[in-house]
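The letters A, B, C, D, E and F name the chains in turn, as written, and every chain counts its residues from 1.
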Amino acid sequence: MFEMFAVEVRDHVMIAHSFKGDLFGPAQALHGATFVIDAAFMSEKLDENGVVIDIGRAHEALKEVLEPLNYKNLDDLPEFEGINTTTEFLTKYVHDHLARAARENRLGRPGPELDAIRVTISESHVARAWYEARIA
Amino acid sequence: MFEMFAVEVRDHVMIAHSFKGDLFGPAQALHGATFVIDAAFMSEKLDENGVVIDIGRAHEALKEVLEPLNYKNLDDLPEFEGINTTTEFLTKYVHDHLARAARENRLGRPGPELDAIRVTISESHVARAWYEARIA
Amino acid sequence: MFEMFAVEVRDHVMIAHSFKGDLFGPAQALHGATFVIDAAFMSEKLDENGVVIDIGRAHEALKEVLEPLNYKNLDDLPEFEGINTTTEFLTKYVHDHLARAARENRLGRPGPELDAIRVTISESHVARAWYEARIA
Amino acid sequence: MFEMFAVEVRDHVMIAHSFKGDLFGPAQALHGATFVIDAAFMSEKLDENGVVIDIGRAHEALKEVLEPLNYKNLDDLPEFEGINTTTEFLTKYVHDHLARAARENRLGRPGPELDAIRVTISESHVARAWYEARIA
Amino acid sequence: MFEMFAVEVRDHVMIAHSFKGDLFGPAQALHGATFVIDAAFMSEKLDENGVVIDIGRAHEALKEVLEPLNYKNLDDLPEFEGINTTTEFLTKYVHDHLARAARENRLGRPGPELDAIRVTISESHVARAWYEARIA
Amino acid sequence: MFEMFAVEVRDHVMIAHSFKGDLFGPAQALHGATFVIDAAFMSEKLDENGVVIDIGRAHEALKEVLEPLNYKNLDDLPEFEGINTTTEFLTKYVHDHLARAARENRLGRPGPELDAIRVTISESHVARAWYEARIA
């Protein structure tokens, strides 16, 4: 029987970037965004404390992933060279870092007890993107 | 392995309508609603630009579907004759029009590369409905 | 020295209406809206219980004013005959009914101890109106 | 082919509680929360009225489940003895009561026509939890 | 007797910029923001149509002011040379352009019938700024 | 000519408390609340950096005031003995602490350059309170 718990926490970054490709129209120019990021950690079972993971730890884990991006021009970061740092791309970027933290047991709960992570990034009051995938 | 990207955009319409059936109580009378509509386009893979579909194109596609409804009494539209235009019904109505646009390659990405669409309609700060289904 | 307390409560109505005047373009047709209404009661001093007015009483007072409008076509209500029931107009309509309740001591606190009422009506996620005026 | 409708309604409770376990840090002390609760009822098919379940009935069903918790110290309720009433725990608690109401045909639609319920509890503007499971 | 009506509309821009001054810490680097902008137009009296100004016209007026900023690096715009384009600065920038439109009777209502404009800019879910001033 | 700038930041606390007085009905029992708190700092002029006060400093100042309350039973705090810690009361409590910080030049800007502070506390999605007063 399908059942799933989730805990989701919110943080944000303020970044500059530009896109390559006619598709992007005016967004090919250097511009920026406030990305409000929700990270949801999912598990089929609560631990002995009655939580998916500790909400405080979830906030810290998300902040650690975001810190290298905050107040940056993403075009200048070597790891993003040649990449369009679209909202969609960044949802997977945050997901992958959080999933690694889970697998390395850095979220305060054994990684195998967590099932999936979904990262949602709101770029304005009218547009957002998300990425969800299993951790293992 | 399950993984899914989504891009979601928001728009709204302001309509009048009435419902048939004792279930609806006072909502059997002619009344109205602001429907705030979120359309989420889902895909397992980003395209070569790094997007699910272009957010600008997504906004346009949603607006095209909503335009014939906006500032209308839905009871007067022939296509809704004999139908209760409930929030749930309208989520599927919007979905089906967007899914057709996807299949006809009108969203700026080949339809088969898109997996599903979810349409969420908020009718107030305390009630909403959604419909999600595969495109193909 | 200026100082002011306020307590604000939220409710909503779902109505149909139409407007007269070229200014309104497509909104001249019969359409509708969900109006999410915030009523703020203001006072320079808290009462002996430490409140502006009881929040439960504030919710009831707002609901009483809204009930005759909910699930109605405002064009059919005699008291609105010949009137454009714009969002702005309705903010004052709700204000005036609440102000009368205050003056008639029906809000659980002597009317003269309340200073002003502000009524805000959100008609969508991108548009709202408000009206603020003194009670006396 | 996967397809799913949902109707979701919102309510809230204001409770006190404390947690046992070093994990919780300062939240081991008696504190409290406003829990804003969204209950989503899901079905693959609309009924003959064009709804998942009546939104009014959904609001009532949620309120009935929440009433025994509202304005309470959860530590004092016998049914929660020895339990950490975390946000996650409470999502399942509300879910299970709503699922029972569905199975006992108390939601105005035969239980077997409903598929799943998801309960989301927001504990602040930056943290929430949810639980989703099938009804049967 | 004090009384005031207002109509407020929302739009947004996505920009890059940097700040000069130790006060700004990491925000001295090139970064960016989504600014969600609410423009409120205030008047003591409704016009003969029952509005402060037409909401459609308000949306257009705001969009006209924002268009030259959207998808730009504000550091590159000559009119902002040597200026910290803080959220506060931009609230007044938008206000002043809208106030000029009002005085030049470009808002569909004689300027002298409008009293004040308040511009609120949300830079994230936890921070915003506003500027309010009379038009005349 | 009236003109005013404001910068507003958000934080929250999770507390338990009870009220004395028949007015409060079931809220006389020990219960709790998540209080989402917005503190707005107002000034007629921006400083030489182009800000009212630094947003980072504003966040810190608010957090310092809230820390002694967070995860507490307010009934147990000596400074609140014999007081109903209503939402309204707490808006003034937070205001007064921030106003003192302003007067003591602890907000990174000379106190006399700040005019007023408004503190808004949302106790749920349907109720909030605020208190606004001059600093001097």
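The criterion applied here is as follows: contacts are C-beta pairs under 8 Å (C-beta built on N, C-alpha and C of every residue); 3 or more make two chains touch, one makes a residue touch a chain.
Predicted model only: the values in this text are computed from it and were never measured.
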**Report entry** Count of contact steps on the shortest path from chain B to chain D
**Finding:** 1
Query raised in the report: Counting shared numbers against all numbers at the contact of chain D and chain F, is it over half, same, or under half, different?
Result: same
Report summary line: Overlaying chain A on chain F by their Cα positions calls for a rotation, in degrees to the nearest 5, of 180
Report summary line: The chain whose C-alpha centroid lies farthest from that of chain D is chain E
Report task. Please report how many Å separate the Cα centroid of chain C from that of chain D, as a whole number. Result -> 31
Requested in this report: For chain A and chain D, let me know how many angstrom lie between their CA-based centres, rounded off.
Outcome: 26
**Report entry** Distance between chain centroids, defined by C-alpha means - chain B, chain F (Å)
**Finding:** 41
Query - Shared interface positions of chain F, touching two or more other chains - result: 10, 125-126
Query raised in the report: If you look only at chain F, which of its residues touch chain D in the complex?
Result: 10, 12, 14-17, 26-27, 29-36, 70-73, 76, 123-126
Query raised in the report: Which residues of chain F touch chain E in their complex?
Result: 1-11, 46, 49-52, 54-56, 58-59, 108
Report summary line: Interface with chain F, chain E side, in the complex: residues 19, 21, 23-25, 83-89, 91-92, 116, 125-134
